[in-house]
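Labels run A, B and C following the written order; every chain starts at residue 1.
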């Protein structure tokens, strides 16, 4: 019984890593730019699809495919920001939301045309033989997912906390006008942030695709769940997105394991609805930190 | 509501009422039935999006509730279809009341996301609650409406034209409701809510109650649309809760012109016709929609109706051609 | 060194400034006074590139900055110390100051400016690791001034530096402006406190509903209080 529970927790952590990576990107873009990116789930899936192209169709090794796909997705993020979001910087939030909804519809259906509806395997080269840790078992690809996610999250944290561009990001986040007045190029910081968010979503998609399969049908649910995580953690909160992601992964895994798998996807929404009723600022309540 | 718009709405309804007398092509009739159906949906969504100024991505839930209510009531309980339509509307309105009470306290992004979450939850429940909803299989062979007086059947809806007029009738009711809404004092309230919640409060309008009322009316109309859809298509599955209906409605409101009465009708006509006649490019259709939605939002924020009004004003020299702001 | 020629600007369709022309000379302190809503803050924002001028030109050191971005303008040597301080309250005092030198690539120069500012405002050095949000209003104002100086400007735009400060702190601000002036840095000073502004300035412009309504030596304006009163309403 205890071992089963621990196994579910371990599985929940793996799922939580996927959620956390997608949600960190979403929350950074929201916190900095006030943009809700409805295409985040599509970026996630596109990452997986490109990893499929790289490993299966082009025959690249997995370790080379990951940086290649991430680089492409970085450029995709820059282009999307430049073409679609930059002209909408002063527009109403609803208009920007409509633009990202349009982008999400376009990306999803275009991917459907290009890749077809059937799920794709990513060749990670990991053996499917599980590793036993005590009584728990974990596959190599899942272990890899956890390691890479932790590394990515620490890297992003250091980027924001320690580097020049990270400091500029925080300055823009807290007090945009002052940031402009000391010469921080706000537009370029936005583009950087959006590209970072896009790349993190794609990384999550690659990792998930290597553990399970990359599938277009997950795009919409991924976006919605990432929102769930962002609301759980508090909009714009980096730490909140990570904790919220892990929390959602754990709750889903335990619920699916002990209660019912049918309603597994509902549980996150139920959490969010309850949370919004009692703590509308999220668990971490970072939204207040934003000054106008 | 200006004169141009009133005339436009009346013209739309008059042409629609007369069209079947001239054009008897069955496919055309079908397309127009779908256009009316979409027009009801778009008009109902427009109440919240256009008049309150909050983006609801959960509106498909009310369509779904209406469709399922009608499917269950008519197949399992034998309720006549024509009675189902208002009942489905009321049930959707009830759901709208509950969801609105929870969600409308939130603004902006939170509202957008939470309404989307509600629609998702309902879709998942419909998929899983097999005893009641039959799960992914859904309901088929939903009976058509019947209109009889004293045992004498007036209309049995065996022909499309009869559906055509039924849809037009529901649409006329919808337009009537929206017109009443737009012209009543509520409009003052709701528009104030859209422009500035604090201002609304200051002049004694409770923005929450205004928004809630608007939301419930929208849910009622969408529920009726769902019920009509169930009886016309005769099949209802979980996809009525899906995002594609939501996107289609949103497109229609955006393209036609949000916050107007005529706009959603125009949007439904343009996109509805394109949807049905462009079936042969089915695969790329949604990709094109995505791009269209982006372009309309970026370059035509007032929609087609804005274009009309703008050109008229420009002729009259009211609007200066101003540079696009950064 | 700074010259505005027939500048108009505003927010969206709302025009606030109409055909404003003014000059700030080398190492000169110029005061900009006028009633509330006259467009003083808008004028400073237009110079620093937060708002784009719809007509006219902003020329600085022979360089046309009318369409330049805020970053280019800071780089050219114009620092703007904004209204209500606008410090980053969730960053440390030192981080706030270092960000002021965002465009200065030379680390040594940044360190020297930092020491300089700490010499000027010892309290900032005492509290350098604390979050800026924990400072008092007056200390935040010093931080905002220090931050503006970190970019090594040749012209500083001050927007209401005395707002909400006690008389002692107002005197301190006045001393700071004088010291900046002594270093050969030009100042364009927007102040509600007209008396203070005219004492510090060489020349002054009076702005009324988006237009320059008077321009004179500060001393002459001070000598003629009834005229000044008529302008300021």
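As a convention for this text, contacts are C-beta pairs under 8 Å (C-beta built on N, C-alpha and C of every residue); 3 or more make two chains touch, one makes a residue touch a chain.
Computed from a predicted structure; not experimentally measured.
With every chain reduced to the mean of its CA atoms, the largest distance from subunit B is reached by C. In terms of Cα centroid distance from the overall Cα mean, chain A ranks first. Centroids of subunit A and subunit C (each the mean of its C-alpha atoms) stand 42 Å apart. If you average the Cα atoms of subunit A and of subunit B, the two centres end up 33 Å apart.
Subunit B and subunit C have centres, each the mean of its CA atoms, that are 54 Å apart. Listed for subunit C are no residues, as none touches two or more other chains.
Chain contacts: subunit B has residues 325-326 touching two or more partner chains.
By the touch rule above, subunit C contacts subunit A in their complex via residues 48-50, 69-71, 74-75, 79-80, 82, 86-91, 95, 98-103, 147-148, 150-151.
Residues 167-168, 170-171, 174-175, 177-185, 289, 291 of subunit A touch subunit C in their complex. Those residues of subunit B that touch subunit A in the complex are listed here as 49, 53, 55, 102, 105-106, 108-110, 112-114, 116-118, 120-121, 124-125, 128, 243, 247, 250, 254, 283-287, 289-294, 297-298, 301, 325-326.
Partner subunit B is touched in their complex by these residues of subunit A: 30, 36, 84, 87-90, 93-95, 97-99, 101-110, 112-113, 220-221, 224, 227-228, 231, 235, 262-263, 265-266, 269-270, 272-273, 276-277, 280.
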